[in-house]
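Below you'll find a set of structures to go through.
Presented sequentially are two complexes of subunit A, the first with subunit B as partner and the second with subunit C.
Now for the complex of A and B:
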């Protein structure tokens, strides 16, 4: 299964087998009308085997761009991606040619996208779109790929898979299409699955089923999952650890319970306060005032300060504050974190 | 798919019936009496009447129509008023030539259009893309009679590579056939190539932005697979529409190009028939031309069914 992969470079100083994905100082620039603009600014994180890492943030915070860049899926001519380290197991992605990246996508990194209605090609049968991954990466015959694809459809909970194999995407409901997307992502047993808002476009009941399916499959295969979402409810449901992104930077990172109970960045506090809750009377829903900064027009100092209720003189000037490690697992980019006691959710 | 095919074939029947009305109606619409024309300016009334009786023009129109249609169904389209050859024989001589010309023109235009459109869509905004865009504007704007003459000047008279006129049947000598048909086909096909390039470039650019193309890339498929399979099958739909329209245009354009290059196709027969008011020949050619157009449209619709599964009935 790994024979089509390029030879791994000499093992780095530390390649602990527990880390499936290691990202250090990822910077992504995109070409806009006004020239190159930085949309992801120095993002670093690691994902352990079997772990589910959530990345939350508003639209435009750079969470999708981060993941698409890792997978090498940003449009090449309008994007510049730099990173000190970008490593999946012991494959150094920064050293790979586009052709070698083709061999990584599928068996190493797989993706599930937000829009199940448009993410499948309308002109090919669902079965063909699953089987082609297997034919491409595992060199299976048409017949063998078909059998595996039918088994995959069955595993992700598509009823009567043999009949469904021959059908086209328009004959599937949204939830069923997302199951097909999961089957495609799962086909070559990837080490890392990146799920970019996989349930946002689905009904709530279907949403719960898909999340449950993802959880089951992760347990079965021991994959790492990166879960991109803006829905804190989903985050609380599935993630072990969460990174909070704002304006292209990670502003806070912590294990899920810690983050919810004791947020250390005002942005996260704001997100939690804006989350609708059953035990609160309706109508008291808070929202964070203002809008996130536009790309290419980042405020001086802390990027969140124009919207922050705790901001003072220290926050408004100088460069962007550094991400500070508060403990082995918790980090924040807030300058005032020692003096602030932020409200979490019990 | 079979049901779709059968349905589609059945729906062409009313069209064909309508076409026989129109083709036959030509006799009634053309001013003057064909019997008078044939008998000549000095003919007596008796002579004209004799001609009319010989041609069956004195019978009721409905009877004439019925005779013509039943004849046409058995392959008998009547006899030329002037050469006394069977119309079906003339058409059988000219039609394969015209079809070969139009077919080759179509192949050439696709050979130009598909690679150019893919390259310029993938390298949007580069000099190559701009060159292709300017080229296709020129291709659409330049008239074929001028282009044909320029090609003759360059490739026949100047370089002496290809013959300027004439035609050799493919079964006689394939190499000579190709040499003779290349210039006319290029002349005929270039406008279509330009139009197809434009259309296909636009649709490829549109398809490239679709989510399912990102999905295809996320599977690690090779670039040529993403383009050749996932992009092209979707981007071909507008191209097929354009091709369907072009095919009828090619038949019309062939008339002109056959004249320029002296190719003995249906176009030359048609021009002769029209100038001499040889009505049975005109009727036969109109009927055959429409048949070809109907068959091509049928093929286009079947192609839709293949390209877009939603069109197929279930």
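Now for the complex of A and C:
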């Protein structure tokens, strides 16, 4: 049942009416001291309505660049973005001017970033920053925007929203600022929310509150969520399906439980073994030897082979292996996958 | 600053422990409150408010809690990087608080610190040889040749080739830099390393390599660690004992397995339940306790038990009376009224109370 379908097909649900975001063969190059370097190399995926798609990988794997490129937020002068398809519902993002892209961000795609401190403008009140979005995209009057903004603050769990509306970001705690970011993202009922490490800077008890809030809001609005994180615990908590990125490529994609219980790429097996578990007595902590390759210095063959315990002659030469479909929902970029039995977590 | 005499070690019920390598009693670190025009000067903010613990030779004590709970300030107070207002810090029985600068410098040789950010803790303009050699100059005054040999040996010890001593910090990755700061910390043969979020900025596989190195070092040269971190999974892995802090105080401590498997303080229980487990099946069937609100402002500490504003099991007593430490089942102590009144757990795990007794506390 294993078949190779070049170029890498987008894993995920096949019913097209369901797809909110479709990405095919996304390539992102950035300008470095040594010229143009490819940091995202042929990424394809789709996200269904109401689905939470996780993207995991170590720092530098290209997960954030993938999402920033989709949202058109990479700096234009130092970045080249190409894709066969980049579509949100029926909007073709590849054909849009920056101005038209401004109309997409907000009502179609919204983003939540890691650092709620730097994502809010310190010189404007929190309320103005939410109302601005509503006035810009929905053409609401000042008064109507104010009312909606207060209702949004209330919805995301900011206590005494009328008073908080008039306050500045510095008067908010980290968790409260992240709630404000969510209110801004949610203001125009986007079809896709991209959340880039939204809880990484927060304490665990606050992280639990924010994850709970995102879950509730998704149930209410039925939007798609792309959740970028390096924390496999958070992934296990919120995601329906996961893409694993390594050195600018997707190396594995699968539904959440399958991915954790039966990983099919040695990198994912390594990540799972490396996670210390709080619910289990201390055992040996595995680590993946070495470091991810540097941009512009990708190894031949499989990009993971210098760190892979299973690598043999086939893995070390030639181009990078293709992403292989193992079934309707599971894919891997490992050449040796038919002969390997990898360990997952129970 | 008068050193407290040893008999007064009963801060958390523990008898003074002569065998402890480091003994901290009733430590208070305070900062001046923020002054506002036309108002009376506010009382000082007590970021660490009566912390006591022992650190025994060869063990690792994990200090956990959320940001602002005072765990880093505790470490800085112990090192006297911030001068504590009250309390006692004894290293092998010798009081450090009030020690004149010269003697303090000599004593500090035994307690070294590693910080979170390996990018800002190495001087970018110094060769690695100079950075790692600096503590040797301060404490050992070795000759040139001896010093170079010693630096090479230290690099080997942390898993890096000795040739690296002729490089600059910018040539290294985050994980390698953290190895370098560890090499520098162990340069003058300290007894204790204070690790303040030392692995928090690293990716998981690099993090594990550094944890492996720390475990190796403690086995090879008998180091003792005070390991401060907010990542509870890492703390469980590395610690022999754990102390949990909330708003400047230790609310519970004990053997790592006991604290993680049978938490006796409601805050510990909530903290543990908030950490997502990397297994979809386990994580999605676990019971979660979502605490409402943020930790209170340390300048306006709640009356009674400091946790009462967020505690799912709060009783009337908790709002007025400060709980005293009592024995926890198995090991350690806990400061919570549930053990002496109400359900009277008497040291048993709060998990035995179950969800039925919890109430959602409004923010």
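Observations, loosely collected:
Just so it is clear, the second predicted complex is superposed on the first by the 327 of 346 C-alpha atoms of A that agree within 3 Å, B and C clash if a C-alpha of one lies under 4 Å from a C-alpha of the other, contacts with A are read in each partner's own complex, and residues count from 1 in each chain.
In this section, a residue touches a chain if its C-beta (ideal position, glycine included) is under 8 Å from a C-beta of that chain, and two chains touch if they have at least 3 such contacts.
Computed from a predicted structure; not experimentally measured.
Per the definitions stated earlier, placing subunit B and subunit C onto a shared subunit A by superposition produces no clash, and the two fit side by side.
In the superposition on chain A, contact is made by A:173 with subunit C only, not with subunit B. Number of subunit A residues touched is higher for C, counting subunit B against subunit C.
Once chain A of one complex is fitted onto chain A of the other, the partner contacts of A:119 are limited to subunit B, with no touch recorded for subunit C. By the touch criterion defined above, A:103 lies against subunit B but remains apart from subunit C after alignment on the C-alpha atoms of chain A.
In the superposition on chain A, A:131 contacts neither subunit B nor subunit C.
By the document's definition of touching, of the two partners only subunit C reaches A:207; subunit B does not. Once chain A of one complex is fitted onto chain A of the other, the partner contacts of A:159 are limited to subunit C, with no touch recorded for subunit B. In the superposition on chain A, contact of A:83 is made with neither subunit B nor subunit C. Contact with neither subunit B nor subunit C is seen for A:342 once the two complexes are overlaid on the shared chain. When the two complexes are laid on top of each other via chain A, the two nearest Cα atoms from subunit B and subunit C are 8 angstrom apart.
Looking at the complex, you find that subunit B touches subunit A at residues 210-212, 214-223, 225, 229-230, 233-234, 307-310. On the subunit A side of its complex with subunit B, the touching residues are 71, 73, 98-99, 101-107, 110-111, 113, 115, 118-125, 132-133, 136-137, 168, 170, 181, 184.
For subunit A in complex with subunit C, the residues that touch the partner chain are 58-59, 157, 159, 173-176, 203-209, 211-212, 230-237, 256-257, 260-261, 270-272, 274-279, 281-282, 285-288, 291, 345-346. Subunit C contributes residues 66-67, 173, 175, 203-209, 211-212, 230-234, 236-238, 256-257, 260, 270-284, 288, 290-292, 294-295, 363 to its touches with subunit A in the complex.
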